[in-house]
Structure formats: structure tokens, C-alpha cells
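Next up: the structures, one after another.
One chain, subunit A, links the two complexes that follow: it is found with subunit B in the first and with subunit C in the second.
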Partner chain A sequence: MVLLALVLIPLIAAVLLLALRPAAATARGLALTSSLLTLALTLWLWYTWNGTAVTAINHDWVPAWGMRLVLGYSGIGLLMLVLTAVLFPFIIGTGYKQPVGNGALVNALLLFCQAALFGVFMAQNAFLFYIFFELTLLPIFFLLLRWGGEHKRSITIRFFLYTLLGGLALLFSIAYVTLQTPVPHSADFTALAALDLPMDVQLWLFWAMFLAFAIKMPIFPFHSWQPETYTMAPTQGTMVLSAVMGKMGIYGIVVFLFTILPEGSAHWRHVVVGLSLFGAIYAAVIAFRQDNFKRLVAYSSMSHMGLMCAALFALNTYGISGGLYQTFAHGVLMVCLFYIAGMMHQRVGSHHFAQMGGMKSAMPRLALLFMLVVGNAIAMPLTQSFPGEWLMFTGLWRMEPWLALAGVVLIVLGAIYMLYAYQRVLLGPDRSHTAPDADGEEHFLLVPLIAICFLVGLFPNLVLQLVDAPVQQLLNSFTSLP
Partner chain B sequence: MVSADLLATLVPALPLLGALSIGFGRRKLSANAAGGLATALVGLSFVCSLLLFFGHDGGTRIVHLFNWITVGTMHIPFAFQVDSLSLWMMLVVTGVGTLIHAYSIGYMHNDPRVATFFAQLNLFSFAMLLLVMGSNFLVTFIGWEGVGICSYLLIGFWYTNPEYNYAGRKAFVMNRIGDVGMVLAMALLFLQFGTLNYTEVSAQAANFSPGNPLLVGATLLLFLGATGKSAQLPLLTWLPDAMAGPTPVSALIHAATMVTAGIFLVVRSSVLFELAPYTQDIILWVGVATALFGATVGLFQNDIKKVLAYSTVSQLGYMFAALGVGAYSAGMFHVTTHAFFKALLFLGAGSVIHALGGEQDIRKMGGLKNTTRTTYLTFLIATLAIAGIPPLSGFFSKDGILASTFAQSPLAYAVLVFAAMLTALYMFRLLFLTFFGTYRGKAHPHESPAIMTVPLVVLAVLSAIGGALNIPHVFGGHEWLKQQLATAVEAVGAEHLALSASTEYLLMALSTALVVLTIWYAWTIYGKKTTLEGEPADMPLPKRLVAKRWMLDELYAAVFEKPYGWLSRAFFSVGETRLAVPLTAGTGKAAHSVAEWMRKLQSGNTSFYLFGMMLGVVVLLLFTLLSV
Partner chain C sequence: MSALIVISVLAVAVLYLGIFSNKNVLAPVTILGLVAATALLASGWYIPHDLLHGMLDFDRTATAFSMGMAVVAMLVFAFGPDYYARKQWHVAEQYALMLFSLVGGLLLASWTNLLMLFLGIEVLSIPLYVLAGGKKRSLRSSEASLKYFLLGSFATAFLLMGITLLYGLTGSFDMGVLGTFMAAQAAPNMMLNFGLFFVLAGMAFKVGAVPLHFWKPDVYQGAPTLVTTFMATVVLMAAIVGLHRFIDVTGMPQSLAATMALLVLATLLVGNLLALRQTNFKRLMAYSSVSHSGFLLLALLANADTVGSTLLYYTFTYALATVGLFILFTIAKRANNGAEHLGIFKGLFAANPVMALCALALLLSLAGIPLTAGFVAKYQVFLLAIGAGWLKVMAFGVLMALVGIYYYVMVARELFLPAEQPVTFTVAPLNGLVITLCTIAVLALGLWPAWLI
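Then we have the complex of A and B:
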């Protein structure tokens, strides 16, 4: 029942918003209440979780196609549910200080998106997963098309077509594997996981599925939609895309590729790790000389996603646990960074560094908050990013030492672009301007997020214990690995 | 009686408490309140360390706080290791730290952000204590990175100056390059031993045979980390730039404590290094080369703090040379005495800068021995100590290193003795140009307040008598510090100096005589005549090369910094703007033309639609029939 409620609460709230069209303040209040309610439910799920996979709802839907309504979660799904539930109150809260457009409509779209995301992470049937997976796209599409920045039309359409292309490949793959199951066909994950597909099928099917997730995360060279979309989108849209929707790619890799196509994954892992790491370094190098703050954060996100994807395909305990753990850390980080980018945009009217700098004396509070976030971004130990990076590097070394070297280079490149960004935003000779320091509302949003950064950094086991058992189970399907 | 576990936890917790309370209360606290609180907390931490030290039974105590990272078979505890090595470092860090905190109350008095300064200084102390107290590599790494970020913040403390910001970033990034080695070493060690606890790693590694490639690799990677943090070749150019920070920061972070972290790390994992003779050779020669490098460049600096910075680089080189020949106790002894006299030198320099209203150029100083009497006397003691004049502390610690090096490599010994002569030369040049002759500036020099001079006096006493901590057998001593460390560091117990007493006497006499001669030489050019060097650009070529730091900065700028900037721009303008985005746009265009073609199907011909529908139903029926 709780699972159904997770989808229904934001859905009902969204419909209410659309039907009643209340004033912006009421709309935000309703949306925030809904997101806090789902947060409470998710935390309760987390608290009561006993370490085993849960299936709550199990109904036939279109039996001939193997489509069934199955909702449930494993530790990995629960981590994603927690991530979604924790971040949405902050994403909706961003609208208080950085409002966009029509309050009722924007919040309704955000809630639709949250409902679909909950669906994605709870679906235990591949078709159901696919439906939710594509549903997340619709509200974002409207959000971007309506309230995006420069070139919103062309960029949004390109983004939409690109991700849809990936989606079609996924749909085709799901249909294909479902037809391989014994009659009556079932697209349930349990049924698909039991398949033992021949190697030649796994080899090509891998790329069809990977394409969808690689575009979603995104991974080099499927990333070209990302920087311009993140830069153009309204802050809240960018947050949803980078902090949560990108994680559908990571999640998809684990539940589809690793469970249905273990041999295919093992066979192609070197290619994927190579691409991901190259992309991670490529994005980190680009970020250094970016003159647009928001785009710099977009590239930094791509860099981090590349490392996570590489770590997953190390196919060992440390890599997969570290990569999954990092989805949470990265989500929190992205909301923080894009929020700060939004704060700066409100103050100087631009995302360009040329308009910033020399502002620390006027904004000591913002400077401190930003520095704490920077510390998290460059994975200082005792912030949440560090345990993840340590695990990912260990995992990569386990696979191949020189891969760890390529990964660890990122801690240098990350420090280079992040500290340079901090300097360009705030430091330097004082500029005369009237921009205000971070105020109470902005503290209200950033302080809890930063508190999460340090809490999880100090006690990473809170998150790691969710994925520990499922990852061990997952690894059993890779016993054939050298 | 408070339990030892609680005391050990309090040692880092107190400065953390200070950092948090001063940081959050920075608008409400007065300058003196912030400084007083910060000093008191580090002082209390020192008291706790003393209590622990005197209650220490010579064993190794692990203080387990909680499980930090648990994944599969990986269990990384958040725990401290209290043994004579960490205790000794705790005493140095909190002891010297307290003095420097107190001094800062006077030095930073007029800065508008003084509370922020003390919060960051306390945070640094916390991180440094985690570094030395960690019971495994990863907890040490928390401190390792923590001191790095504090160093970054404090170097760029005066953030309106872009050069200072650059210096801060440079320090952090070069440290991070070293950290690449550190992280990889930890991954390697963990995957090999299944643990990162020092005690367990050491115990398991002891079963390896010497020269095992795995240990050589791990130790080389660890040493890469050490070169970054401790400013050794090739990762040293950040340290002179780090002088942009307030002078107490230079004293605490960039002389007495943080930069010795690399030495600590090697001593902590000495079991591994002892089994990797190849790495030890590299350490010896990197140390020797750095000692010489720093000493040569120090000769031509005109900024009082830059002279001291290159001196620090050089002295750290001595410490690594000691580690390279397996003389861990000699290295740790020099860490200690260096903390005393180099902190004193920096604080003395700060006092001079304070007296002259911010002037740092020694060409605009001179004759200050009468106006700043206490500063002069204490500075003199420190200069004699670093030059290695008996019976001051530096004599004993440097002699320990020289003797151990001679026993293993006479060539390295010769270079180090030469560097010692250069040390005396640049230090006495500094002393003479600053305090002797006539005043060449325009300010009105005055002695600093007692809050600054008292720490100078305390450090001067320590610099003078610190040698007593480890008096060698040839002087009838018992090498107390070595005995202490031997309880924690197995390799220290195995140290054996294969020199006869007469050889030792001879070596001491030789180096002392050479140093005294050098001082006399310095007196003739800088004391009597007050020779002033100009800018490097005016010097003849070989001299200019040395004065410009052997062009190391220019080399790095040309080989790494600039090309990296170009690469960043090129990836964006070519990779992204010219390739990736147009290709995506191509996908969009392709979709568009497909849509154009599809549009033609919508001809408006109803029978065509009906045909399409029929076709669709038939296909669906067939599909359902076949699949059931």
C-alpha cells in the first residue's frame, strides 16, 4: 500500500494543482507537503527494511505481452527511492527563492515527474519500468520547452528525440527478451533474470539496452544533449535531470544489463569502462576553462557520472557498491551546486564568470556555504563523496590497476576546475555591487543538504548497508569472471 | 582519572570544537576572545597529549570510535592509534601549535576576519591530529586531505589578491597530484592485505621478502604522496608560493607540522619501506637533491619569508635523506628540532614584518638588532640552531642525519655537508641583512607586544636545548627519543650506526668547522659590507638560473599549465561545439526527414487508411496466434 501511495500522492497532488490552479504560494505549499509526505513514507520504508527484496503489488495487466503490474524494491531500488524522496522537497523548495513561471503548472509537472520516478524505481516488470521510464520525460519536456532559456525550442526537441531514441532501443530489447521467456511470456524481472540467453544474443542486445542508459546518464559519446540542456533548463529542471533522472541510467544498468545479460556485460566491460573513464576525464578537462558557471557544473556532473559508470562495470563488490553509493552523494551534490548557480544568477543576472568575482566580502555566508559544497565536490574525506570515490577507485584497481590510475587522475582535475570556479565566482578584488548575502530561506535549503553531506560522509554505512547484500547477490551471476 | 580513550578522543576533538564554535560565532566574538578560545583549546589538547604521554606504557593502544566504511569484506574503522610515534607527533603539533596560536593573537589583531582565521587554524590542528593519530591509512588520509584544504584556505586568506588565490590553488593541486599516489597505494595495500590498519598491514608485510615488487610499488606510490605534502622534488614549487598566507600559517603549516606529514607517513609504514630497498634509494636521492636545491635557491631570495621557505624545502630534504638510509629516529628527531627553530624563524620574521608595517624585502631592512631586541636574540639562536652550531638542537639532529648517511653513502654525505654550508650562508646572509648594518627602510621599527615575544622566547629555549632529547652515545647520552620511538616503530629498534666513535667525532668536527668558516665568509660579504643582490634579471646566467628557482615554475607552466588550458579549450571548441553537438543535430535532422516522408502517407485517402488498419489488425492477430 505504501508503494502505491508513493506514486499516488504526488500524482493526486499534481492533478489537484492542475485542476484548482491555485496561486503560486499555495501551489508550492501543496507540492512541498506532498513531497514531505512521500519522504516520510520512504524513510519509514528505509527504517523498516529488513534486508530482503520486497514485492508489494502483483497483478496481471496484459498477460499476452507479459505485461504485469508488479511493484516492489530491493536494497538498490530502495536507495533510489530514498534518493528521489530526499531530493524532491529541496527541488520543490528551490521554487520558493528562485521561482519559474506559473507556480501551479511548474509544481504539477515536478510532481508528475516524481510520481513517474518512484514508478521507475519500484517497477518489477520490464514493460512497467519502460512506461514509467518514458513518462518521466514528458513533464520535463514541457518544463524545458516552456521555461527554458536561450534556444529552448531546438535544444529541448533535440534532447527529447535523443532520449526517445534510446528509449526505443530499450523497448525493442524488452520486447525481444520477453519473447525469449517460456510461455506464458513474462516481462517480470524475476523471469527475465532467470533467462540464460546465448552469448551471441547477449553480445548485440547489450548495446541496444546500454544505449538507452548511456544516453540517460549520459556517458561519452552519447552526452552531447547534456551540457546544453542542463545549461538552458530552468534550475529545477536541471536538478531533476542531473540529480535523479540520470540515476535511472545507473539503476537500469544494474537491473537490466547485469541481471539479464551478465555474460554480455562481462564481455563488453572493458569497452564501457574505457569510454566512461575517457568521458569522465574529457568532461573534467573541459570544465576547467568553461566561462559559464552552470555549464561547468553540467560538465562536472558528466565527469562524475562517467566515473560511476566505469566503477559499476568493474564488476566487483567495491566498484558496484561504490558506484551505487555515489548516486546518492552525487544527487545531493548536484542539487547544492545548481542551487548555488541559481543563487548567483539571481544576483548578477548571468551564469557567466565574467559577471562574477570579488563578491566574498559582500557575501561571507554564501562563501562559506559554497566552500562546504566545494569540499564535497572535490571529495574531501568526511564529506559523502569520499567513501564512494575510495570504493570506486578500489574497484577499478581490482579490475585493472591502470584503470584506477585513470580514475584517480580525476581527483586532481576535479580540484583544478572546482577551486578555479570558486575563485572566479567569489574571490578577487572587491567589486562594488548591491547583491545581498545568502538569506534565511537560502540557508533553509542549503544547510540541511550540507548536513546530509557530512552526516553521510561520517556514516556512509547508512547508505552502503542498503546495497551490500543485493550487490553480493548480483555478483553471484558473474562467477565466471576471471 | 580520565580514561586514556577519552583523552585520546579529546586531543583532536578540542580543536574541532574550537573551529566550530569560533566559526559559527565569528560575528559575535571579539578578536581576543576568538584568539583566546582557539589558543586555550589547542593548549588543552596539548595538556591531554601530555597526560597521555606520561601515562603511556610503551604499548600500542587502538581507540576504536565506530565503523566507518563497511562493504563486503572491507571494514575500515574510524579509530586512533596511540603509541610513542603518534604521541610524539601529537606533542609537537599541539605544543608548537599552542605557541603559534598565542602569537597569532598579537599578529592578526587588526585583521577584520581574525575570528575566521582562528577557526581555520583550529580546523587545521584538528586535521593534523587526525593525520598523526589515525590507526589506518584511510583515517590518516582524512587528516592528510584536511590539512590540505586548510592550507588552501589559509594561503588564500587574503582573498582579494588573485595571486594569493592562485598560490592556494597551486598548493592544493600539487598536493593532490601526490595524493594520486597515496590513493593508489591504499587501494593496492587494501586489495593485497584486506585491511588498511597499520598494525595488520605491517604484520602481514613482514612476511614478504625484500625487494618484492608489490611492496616497491606501494612504497613508491606512498612516497609520491609524501613528496607532494612535504614539498620534495619534483612537487615543491607550491611551498614558496604558499608564503602568501599570514606568517603564523607559514610557521605552523608550512614549516612545523603539515609539511612533515610525508616523513611521518614513511615512518608510520616503515615496515614496508624497509622491505623496498629500491624505494629507499630513491628517497635518499630525492631528499639529497631537494636539500641542495632548496639551499641554492635560498641564497638569492630577497623576501624574508621566501628565504625561510626554501630553507624549509631544504631541511625537509635532510629528513627524507635520513629516511632513505633507514635512520627513522634521526628523521623524526630533525622533524622535532626543525619544528622548534623553523617555527621560531618564521615567527621572528613575522615579528620583523610586523615591526616594519608589512615590509618583507630584506634589502629594505637592516640594523634591527637594536630596535627589536628580543626578536633579534631569538632569531639569532634559531639561526645558530639551523646552521648546526653545537650545542644547539640543530647540531644534534643534523649530525644524526649526516652520520647515518655517511655510513651508507659518502657521496650523499658530501652533498649534504655542502648543503649545510649553503644553509649557514643563506641563513647568516638573512640574519646580517636584517639585523646588522644600518636600517635601509622608511618605517619606524618597534618591538612586538609580549603575546608575540613570549612564544619566541619559549621556542628559542626549545631550539637551544632541544638537542637534549636525543643525545648520541658518543656524548654519553642514551638517545632518549630513539628509545621512545623504538617501542612503536620496529625499524627504529633495528637501527644501527656502523661507525666508530672516532669517525663520528671527526665528521662532527669537519662539518662544524666548515659551517663556522662559512659563517665567517657570510660576515665578510653581508655583515661588514652589506652586499645587496639585485633582481635575478640583472644577474649573470648561472646565478640567474639558480635565483629563478632553476626555472622549475617556468618549466611546469610551459609543459603542464598552459597546454592543459589549451586542451580544455580545444576539447570544448572542437570536441563539443564542432563534433558532438552537430552530430546530435544531425540525428534531429534525420528524424525530421523521416517525419517528412511519413507525412506523405497521410494523404487524406480514406481507403488507404482502411487498408492500413486492416493490415495492422492482421499482423496483430498473427502475432497473438503465433505467440500463444
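Then we have the complex of A and C:
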């Protein structure tokens, strides 16, 4: 019942917003209330979780194709649910200080998206997963098409087609594997995991499925939609895309590739790790060269996602739990960074570093908040990113020691571009900016987020305990690894 | 049988009603007659009817398709009163011709004898040649009529050629005889292959498969919109079920399968790529209907047990969305002084949000977005193709589905843009009802596809 409520509450709130079209302030209030309600429910799920997978709803839908309504969660799914629930109040809250467009419509679209995201992470049937997976796309598509920045039309269409291509590849794979299950066909994850597909099928099917998730994250060389889209999108849209929707890729890799195609994943893992790490370093280098703050954050997001994907494909406890842990840390971080980018844009009217600089003396409080976030971004000890990066590097080291070298390069590059960005935004000659310092509302949003960063940094087990058992279970299917 | 008689008598009766030049009674009479025919069809569901010495067979497939065609025809006729409101003459004839064409559709749904196939195709097509030229003073309409007639005659010639060859081989027009003959063939038989090929080619014309698709855009554009709607829906259903009955008996021999696969690839490619370039809504719908034919042929190529239900589901839901959209198109066209480009949908959301959302749902269904019937339909086709092992053809189909989504979404985008000059969309109550019904049906069938499967 709680699970159904998680999808229905945002959905009902969104429909209410669409039907009543209230003023922007009321709309935001309603959206915020709905998101806080789902947050409370999710935290309750987390609190009562006892380490076993839960299946709450189980109905037939279209029996002929194994399409069934099955909702539930494992520890990994719960982590994603918590991530979605924690971030959406902040994403909706961003609208208070940095409003876009028509308040009722924007918030309705965000809530639709949240409902679909909850659905993705709860679906225990591949078909249901696919439907929610595609449904997340529609609200974002309209959000971007309507309220995006320069060149919104061409960029949005490219993003839409790119991700649809991945989605259709996924649909193709789902249809194929469902037909391989014994009659009556079932697309439930449990039924699909029980399949023992021949090696040659696993080898090509791996790429059909990987394409969908690689585009979503994105992973080099399927990333070309990402920087433009993140830069052009309104802040809230970018937050949803980078902080939550990208994580569908990570989640998909774990529930689809690792469980249905273990041999295929093991066979191709070197290629995937190579692509991901190359992409991560490539993105980090490009990030360093950016003169646009938002685009820099976009590339840094891509760099982090690449590292996470590489860690997952190390296929050991450290790598997988590190990658999953980092999805949470990265999500929180992205909301912080894009919020700060939005604040800067409001103050100087541009994302370009050329317009910034020397703002520290005028806005000391903002400088402090930004410093704390940067500390997280470069994985200082005691921040939330530190345990994650440590786990990921250990995982890669266990796979191939020299891969950890790439990790070291990434740390150094990450520190360079983030600190360099900080320097270009805040330090330098005083330009006597007249813009105001961070105000109460902005503190109200950033302080809790930073508090989460440090809380999780100090007690990483809050997150790690969720994924421990499922990861061990997952690894059992890889016992025959070379 | 009774349904065939009812519809034929109905058509004649409607012709006589034309004498009284009271066109208000035409649509209600036709629709009531069709309801009766549908009820008769439904009552025969459990009794397989073998008619005219086994020349027609109203089995489950035939009955289901006939009912589907009758229902869609009712929706098209419900659009009639508004569409013909400003027309004084020959309205009754138009209704009657469409009813005659529907009779042809019923024959195509139930034929088991090659003569009946030919008869069905002709009864279906000849009224359409006349109907396409329904706007007598419009050059485009006359062009459509002539073009359709000439090309259609060619296709008929192909079909006859094929039937002749098959008759020459088996000495019978009966499909059962052909089936046993083919089962007994061990070595490839040139004459048989040519016979099958020519029949396939003749039918492919009606479906609009590339390279026999050239008539579609011009005829769709030139014909009166109501007739276009009828052609895009009922006629497509009839042609597909006719072809299905043929392939159901002959199966998919190696020689035919290669041709068919090539046909599918070409149809998907050309239909979708040319649809991308269209700025006229009717031409866009024509090319997109070519692309939908490609998916239908893909299902036929797979030729599994469930192909009949898949084809019915696909064509029926496609017809629902198409009827709704063509009515919306007429509304928008009137609001823009007869313009037909895609921009006429601008401002619909601001003026009439309910109709705009209906249009959005119908377009997304044609595009095949999840939770709409169009998605379920495409998914069934993909399942069939995978099951039959046509993986590469299907992967190409998936890619082309992506292109399809693009141009439908581009039309959907117009709905939400502000209009350049103020326009007023007048939605007649009956039209609004039909559009809403179509939308509800498309969404409901998308959410609970088990109803029809």
C-alpha cells in the first residue's frame, strides 16, 4: 500500500495542479507538501527495512506477454527510492528562489516525473520497468521544450531521440528475453534472472541493453546529448536529469545486466571499464577547459558517472557497493552544485566565468557554502564522497591494480577543475558586486543538503547497509568469474 | 451472411433515401443499420458460417474483423452530418458508396476462394474510385480519382495474373485445394512462386507497400477528408485481413519470405523517411500510414498463430486514432480557412485544452508511446517478429519506430504553440463526442490490452 501511495501521491498532486492551475506560490506549496509526504513514507520504509526484498503488489496485467503489475524493492531499489524522495523536495524548493515559467505546469511536470521515477525503482517486472522508464522522459521533454534556454528545440529533440533510441533497444531486449522464459511467459525480474541464456546470445544482448543505460547515465561515447542538454535546461530540469534520472542507468545495469546476463557482463567488463574510465578522464579534462560554470558541472557529472559505471563493472563487493553508494552522494552533490550555479546566474545574469570573480568579499556566506560543497565534490575525508570514492578505487584495484592509477588521475583532475572553478567564481580582484549575499531561503535549501552530505560522510553505513546484502547476493552469480 | 445482406440492403435503401433530399436522416439510418449488422455478426460468433459452397467462411477472424470494420465505419459516418452540412447534392450516394465498399471489406475478411478475393477487392475499390473524386470541382480530387483508378487497375491485373497461375496449377480457385497442393510440393515450383508473388503484389498495392505506395499521398490529399478517413481505416483493415487470409493458407515459403522481408524493409524506410519531410497533414498521414503498413507486413511475415489478433488490434487501434485525428484536422482546417499545413493546429491547446489533450493522446498512440494502444500494437508485432526469428528486420523496425515518434511529436508540438493570428475552433458536439470516444478507447485499450487480445 505504501508503495502504491508513493506513485499515487505525486500523481494526484500533479493532476490537481493541472486541473486547478493555482497561482505559482500555491502550486509550489502543494508540490512541496506532496514531496515531503513521499519523503516521510520513504524514510519509514527505510526505517522498517529488515534486509530482505519486499514484494507488495502482484497482479496480472497482460498474461500473454508476461506483463504483470509487480511492485516491490530490494535494498538497491530502496536506496534509489530514498534518493528520489530526499532530492525532490529540494528540487521543488529550488523553484522558490529560481522560478521558471508557469508555476502550476512546471511543478505538475516535476511531480509526474517523480511518480514515474518511483515507479522505475519499484517495478519488479521488466515490462513495467520499461513503461515507467519511458514515462520519466515525457515530463522532462515538455519541461525542456517549453522552458529551456538557447537552441532549446534542437537540443531537446536530440536528447529525446537519443534516449528513446536507448529505450527502444531496451524494449527489444525485454521482448527477446521474455520470449525465452518457459510458457507461460513472464517478464518478472525473478523469472528473467532464472534464465540461463546461451553465451552467444548474452554477448550481443549485452550491448542492446547496455545501450539504453549507457545513454541514460551517460557513458562515453553515448554522451553527446548530455552537456548541451544540462546547460540549456532550466535548473530544476537539470537537477532531475543529473541527480535522479542518470541513476536509472546505474540501477538498470544492476537489475538487468548483472542479473539476467551475468556471463555477458563478465565477458565485456574490460571493454566497459575501459570506455567508462576513458570517458571519465576525458570529461574531467574538458571540464577543466570550460568557461561556463553550468557546463563545467555538467562535465563533472559525466566524469563521476563514468567512474561509477567503471566501479560497477569491477564486479566485486567494493566496486559495486561503492558505485551504488556513490549514486546517492552524487545525487545530493549535483543538486547542490546546480543550485549554486543557478544562484550565480541570478546574481550576474550569466553562467560565464568572465562575468564572475571577486565575489567573495561581497558574499562571504555564499563563499562558505560553496566551499563546503566543493569539499564534497573533490571527496575530502569526512564528506560523503570520500567513502564512495575509496570503495570504488579499491574495487578497481582489486580488478586490475593499474586501473586505480586512472582513479588517482581522476581525483587530481577533479580537485583541479573544481578548485579552479571556485577560484574563478569567487576569488580574484574585487569587482565590487552589488548582488546580495546568500539569503535566508537559499540557506534553507543548501544547509540541509550540506548537512546530509556530512551526515552520510560521517556515517556511510546509513547507505551502505542497504546495499550490503543485495550486493553479496548479486556476486554469487559471478562466482564463475575468470 | 445476414450481415452482408443487411449492409447491402442498407446501401440500396440509403440511395433511395437520397430521393427525399433530407440528408439529416442519412447518418442515423446508416449507423442504426450498421449496429444491426454488428449485432448479427456478434450473434454468429460461436457458429462458423460456411457460405456459398465454401466460397466464404465467417470464422472467428472474419467475424472479428468485420465487426471492427463496422464499428470504425460507424465512427466515420458519425462524422458525416457535420462534414456534409454544407453540401446539398449527392450526399446519399456518398454514404451508399461507402457502404458498398464496406461490403467488399466483409468479403475480404471472409474469403476462402480466390474468386471471392477478386470480387472483394473490386467491390471494395470501385466505390472508392468514385468517392476519391467526390469534390467534382476540385482538380486535386479528380486527379486523385483518376490516379487511384489507373494504378488500382494495374494492381488488379497483377492479382488476376496471380490467380490465373494458381488456378492453372491446381485446377481450382479454392484455397483449401491450394493448401494441399503446396503441402505436397517438395521441389521449388516456378509457376507456384510466380502465382504467389503476383497475388502478393496485387494485395500489397491495396495495403500501400513500397514500391506500390505512390497513389497513397496523392489520393489521401486529393480525396475529401471523410473519404480519406474511410480509406485510411476501413480499407486498410480490409486489405490487411484479405492478405492475412491468403498467407494464412499458403504459409511463408522461402521464396515468398525473402520478397516479403524486402517489402517490409522498403516500406518502413520509405514511409518513415518521406513522412519526415511532409508539411501537409494529409500527406503526412499518408506516408505514416505507409510506415504502419510496413509494421503490419512485418507481423504477416512472422505468420504465427496469433498474427490475426495482432493485426486486428493494430489496425483497429490505428483506425480509432486516425478517425479522431482526421476530424480534428477538419476542425483545424476550417478554423484556418482551408489551409492544410501542420501549423493549423497552433493554438488548439489555448483555445480548447480538452481537444488538444485528445489530439496529443491520439498522436502518441500512433507514435507508439507506452500506455497507449499504439504501443501495445507495435509491441505485439515485435514479439511476433522475435518469435519467428526475424531479429534484424525487427531491429530495423525499432529504428524506424523511432523516426515515427519524431514526426508525430513534431505535430503534437504544434498543438501547444500559440497561434499566429486569433483562430476560433468550432467543435460540433457529435464530433467532440467521436473524438473523445476514440481517445478513451485508445487509452483504455493501451492500459488493458487483454480485452482485445
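The definition used in the following text is that the second predicted complex is superposed on the first by the 482 of 482 C-alpha atoms of A that agree within 3 Å, B and C clash if a C-alpha of one lies under 4 Å from a C-alpha of the other, contacts with A are read in each partner's own complex, and residues count from 1 in each chain.
The rule is short, and it goes like this: a contact is a pair of C-beta atoms (placed from the backbone, for glycine too) under 8 Å apart; a residue touches a chain by one contact, two chains touch by 3 or more.
All values reported here derive from a predicted model rather than from experimental measurement.
When both complexes are overlaid on subunit A, subunit B and subunit C end up clashing with each other. With both structures placed on the common chain, the touch criterion links A:Leu37 to neither subunit B nor subunit C.
Look at A:Ile157: by the touch rule set out above, it reaches both subunit B and subunit C. In the superposed model, A:Ala64 makes contact with both subunit B and subunit C. By the touch criterion stated above, A:Leu195 is placed in contact with neither subunit B nor subunit C. Judged by the touch definition given at the top, the superposed model places A:Val408 against subunit B, while subunit C stays out of reach. After overlaying the two complexes on the shared chain, residue contacts for A:Leu165 are found with subunit B and with subunit C alike. Once the two complexes are overlaid on the shared chain, A:Leu179 sits against subunit B and subunit C alike.
Touch criterion not met for A:Ala435: it reaches neither subunit B nor subunit C. Shared contact residues of subunit A, touching subunit B in one structure and subunit C in the other: 64, 157, 161, 165, 179.
Residues of subunit C that touch subunit A in their complex: 306, 369-371, 376, 379-380, 382-383, 386-387, 391, 394-395, 398-399, 401-402, 405-406, 409, 413, 416, 448-450, 453.
Touching subunit B in their complex are the following residues of subunit A: 64, 154, 157-158, 161-162, 165, 179, 183, 185, 221, 223-225, 227-228, 282, 285-290, 317-318, 321-322, 358, 360-361, 371, 375, 380-382, 386-387, 390-391, 393-394, 397-398, 401, 404-405, 408-409, 411-412, 415-416, 419-420, 423, 426-430, 458-461, 464-465, 468, 471-472.
Listing the residues of subunit B that touch subunit A in their complex gives 66-74, 138, 141-142, 145-146, 149, 152-153, 156, 159-162, 165, 168-169, 172-173, 176-177, 179-180, 183-184, 186-188, 190-191, 564-565, 567-569, 571-572, 575-576, 580-581, 583-585, 587-588, 591, 624, 627-628. Residue ranges of subunit A in contact with subunit C, taken from their complex: 61-65, 130-131, 134-135, 138, 145-146, 157, 160-161, 164-165, 168-169, 171-172, 175-176, 178-179.
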